[in-house]
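After this come two complexes, each holding chain A, first together with chain B and then together with chain C.
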Partner chain A sequence: MSKNFSLRSLLVRPEVATFLMFLAIMIGFYIANERFLDARNIRIVMGITPEYIIVAIGIAILMISGEFDLSVGSVFALVPMTIVQMVHQGIPPWFAIFLGLMIGIIVGFVNGFITLRFGIPSFIATLGMLYIARSLTTVATAGFPPPFPHILPNELFVYQFELFRASLYWALLVAVVLGVMLHRSNVGNWIYATGGDQNAASSMGIKTGNVKMFCFILCGFLAGFAGMIQTFRLEAPLPSQGYLLELESIAAAVIGGVSLFGGIGTVFGAVIGAILIRFLESGIIMARIDAEWFRAGLGSLIIIAVVFNTYISRRATRIGQNKAED
Partner chain B sequence: MEDIIVCEGLNKYYSGVHALKDLSLKIKKDSVVGLIGDNGAGKSTLIKILSGAHQPDSGHIYFEGNKVKFKSTKEAMNLGIETIYQYSALIPEMSIARNIFIGREQTQYNVGSFGLMKTKTMQDDAMKALTDVELHLRSPDTPVNQLSGGERQGVVIARAMYFKSKVLILDEPTNHLSVKETNKVLKFVEGLKSQGVTSIFITHNLSHVYPIADHLCVMARGEKIADMEKKDTTIDHLTDLLVNG
Partner chain C sequence: MKKIASIILASVALFATSAKAEYKFNFVMHSDTNNAFWAAVHKGFKDACAQINADCQMLTLSGDGDQQEQLQNLESSIAQGVDGIVTTITNPTIFDAAVDEALAAGIPVITANTDDPEGAAGSNRLAYVGQDLEAAGYELTANLSEMFPDGDIHVLIGVADMNQSWAYTRGNGIARFMEDYKAANPDRKVTYEKIESGLDLSTVGNRVAAYVQANPNTTAYLDVGFWEAGAAQAVRNLGYGPGEILLAGFDLVDVVFEEMDKGYVQLTVDQQPYYQGYMSVHQLYLMNKYGLSALDINTGKAMIGPSDVETIRSFKGMSVR
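Here is the complex of A and B:
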């Protein structure tokens, strides 16, 4: 019975379901086209995935704390654009990077401040920020996308090794550090508690406002950092960069088992969710299906994941209720 | 027996409504006090003040003979006053062990007040805390939403015991529980007395608190209308007070 139960409790973990879904998709596309898992294709897909992984982790942690950030796509463009423009103004590259990343932090802070101070849904506060930050990015381009200044240390972030880019190792570093933070540290416990039941958490003495603010800032910072990596990889700062990324990163988090209502999710799930989306995109192209089907595939995946997770959590709750009736 | 909590002339207004009127109350150490009253009688206001969640507009509170002024629930908890709310004190999706240590995690490699949790120690201590209140559950990693209502209250009481609470305020702990689960919770509370814990049991259901209470206090319209030892009263008398104020 007890062994039986532990297997079941493993299977009801949402990120495990995501991982199984991931394997199914990988095998399915491999059957459709063997070259799907060639080193060449993996190199291409994993070259662009790290940027999405980093944003998805930030979104996932913020969602676990019970809030949203729709402005990540715009911050993803604003931060690198600012860095590039500052370097063109003669600011030393590392200082420009520092200031640019600070902008991500400031946007996160403003999102958090507006949400928490005025008690409005973060959905609205960050929707406003989505437009504001995108507008600022376009203004900062001064009408024409600036050239990429090659004195920026972009190789450090995106150097192409044999199979992977340096950015993947940065993404893994982010995942490990924040995974330990979320799952092993007391701060992580506060984040889950805040998102799980804010009243209960604050009655236990947790400063839930501070916890959420920390998650907003972290999310803004990671979105900016990831955007910087993309610009460094493309060697071109585009004002349209990160368009619709806010929805895609929420999709990654949700596919990875993060709950829309907070309190549930893992860093691992968000990472798998982000990778899965990129391989889905690549797989559809490799299988010679019209690329327009990618969005339909992604949409179906989101719905399947959430339906499945809802079913699982209802089952889990029913176990408790049955026991109460015994 | 000495008094662990003494309230003198507490008043509280909520945007013009006089929610608590000149309330004075003495609570004896190691006793179970039943605080009863209908909805809107001021019970919740009183416990919010005692637990540090709200501050009185006037009046004084003495804890173990010292005058205290709580600015937050954390301050009250640090002195050993722990409040158990009907449902909100546990995070359903989190494990028993994590719930027991919310906000008071055992950590190592600390940087300031942040650190990594000692997961194993927390799991072992959680199991021990549960056993201490005679609650035998399978694993400290079970999410709380898989427990029955009575078991959940048991976890909350175990948590309060583990952190050496001196006073436990229980806000309607038997609300929405089946008869069997209610009896479980009453047994937990009765067991607290012998372990040197004072409990304040808030309910509008007299039949729940009467069997285990030493002292009963009836409130109506923000005022205390009766305050007596159980031996000086009967369940009929109390019912009459509750109904007719």
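Here is the complex of A and C:
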């Protein structure tokens, strides 16, 4: 009986179901094309994934606090574009990076301020910001995308080791620090309480407004930081970068078991969700699915992932209930 | 749970290629599946693949012009271990390393439709199958200039997306002709301006309509894609008659022909996209099979006016033009 209970307590965790799903996908695509798990392909996918992991973590924590941010894709483009332009204007690289990341923080603050001060859904406030920040990116290009200034310290963030890039270690650092914060600190407890039941959290004395503001700012900062890493990897600031990233990162969080209604989710889940989406994308190409079916395949697999996830956790809950009745 | 897992595994395994083809080729392009122009490229690609029984995959993007995604598709194609890659190069630098990596892995890479802005000097790709984009922009404008009215001339150049090399290269060709025209007509006031006009009909229509209202002296609008058709709808709605603002652009798509019928679009350039899909596959095949070397193919810059529409329409049903 205790054995069943421990199985249940494991399976009821949505990120564990996601992890199982991830393994199934990896094996499935490996059968479709054995090169899927080649070092070369792993290197390609894991070169891109850290950028998405970082954004997904920010989104996941914000969603756990009960809010959304649709502007992450635009901030992902705006921050690196301004960093590059500032360096072209003669601002020292590290100071430009500092100022650029501050822009991410400011966008997060404005998102939070509009949402909380005017009491409108964050979905709307950040939808507006999605357009504003994307437009500002185009303004920042000054009509023509600038070349990448090689005095920027990009190797520190994206150096290619044998299999992984430095960016993966940055993403893991972010995951560990924020994982500890979310799961082992008071701040984490406040975030869960605020997202779970805001009124109850308020009456417990938690300053829910401050908690949400913190999460908005964190999300903006991480989106900008991740965008900077992508620009450093490509060695080109692209106004188009981060297109549809807001939806992908919400998908990653949800696949990883973060609730759309707040209060539930983990950093680990968001990490696995982001990795899963990137491998799905790669796997679809590796399996030589026709172009017209590409997005249909990706979309279906996202739905399957979430359905599978929900099915597993319901099933596990039922096992637990049956055992409890015994 | 077992059932679901096995269904997923089975469906994924289904994606594995069933027929054993001799060669595998990938086409990595820079647009989404909604862009009407690419249908003929895709048709040429598929037809050629069918003729040589090759296993072919065309990789499109979720977002038109998302270069990071295109790079990812290029890298995935290398990881697949295909026998040849056709790609477009829409950015002067970001694809360089991947192209070199493919060549180092023994995978031939040729570009089609859009080459590095510096051509062979800017990328190690083996050949280019497509239009000389800059020259086509120049020729288009030169031909349109024969319809310019007397007096002052002001031309608006719609560079669809400033970030994409095919767009600004054509735009540069248009601007180069305008400079030459200005020099050749010192007694007239000749001016031109570039705007980022967008990648769909309604966006282009809105932007051109706003521009024309603010600048009623606009003589002509040249688009680097086929979206002058959107501008045609917009100027018609503003009350302009056919030809009052000259409109020209690139490529043969139905909306352009409709606007030519109505007299609003004067000129378009045919780059014969079918060749770009078709010839690039056959090149890769012959390179693999007989060790032939790659060669550049200029797919042309034929000027198409309203009088040519009927002839071209007779081929339209075959989806090759």
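Basically, the second predicted complex is superposed on the first by the 294 of 326 C-alpha atoms of A that agree within 3 Å, B and C clash if a C-alpha of one lies under 4 Å from a C-alpha of the other, contacts with A are read in each partner's own complex, and residues count from 1 in each chain.
To be clear about the criterion, contacts are C-beta pairs under 8 Å (C-beta built on N, C-alpha and C of every residue); 3 or more make two chains touch, one makes a residue touch a chain.
None of these values were measured; they are calculated from a predicted model.
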| item | value |
| --- | --- |
| Chain A: partner with more touched residues, chain B or chain C | C |
| Partner chain(s) touched by A:303 [first = chain B, second = chain C, both, neither] | neither |
| First (chain B), second (chain C), both or neither touched by A:315 | second |
| Which of chain B and chain C A:151 touches, first, second, both or neither | neither |
| First, second, both or neither for A:205, with chain B first and chain C second | first |
| Touching partner for A:120 - first (chain B), second (chain C), both, neither | neither |
| Residues of chain C that touch chain A when the two form their complex | 1, 4-5, 8-9, 11-13, 15-17, 24, 33, 42, 55, 57-60, 62-63, 65-69, 71-73, 75-81, 91, 93-94, 161-163, 168, 196 |
| Partner chain B, residues of chain A touching it in the complex | 2, 180, 184-190, 192-193, 196-197, 199-206, 263-264, 316-317, 319-321, 323-326 |
| Residues on chain A engaged by chain C in the complex (per definition of touch) | 24-25, 27-29, 31-33, 35, 38, 40-41, 44, 48, 138, 141, 143-145, 147-148, 230, 234-236, 238-241, 243-244, 281-292, 294-295, 304, 308, 311-312, 315 |
| In the complex with chain A, residue positions of chain B that touch it | 53, 72-74, 77, 83, 85, 88-94, 98, 101-105, 107, 113-117, 119, 138, 143, 145-151, 178, 181 |
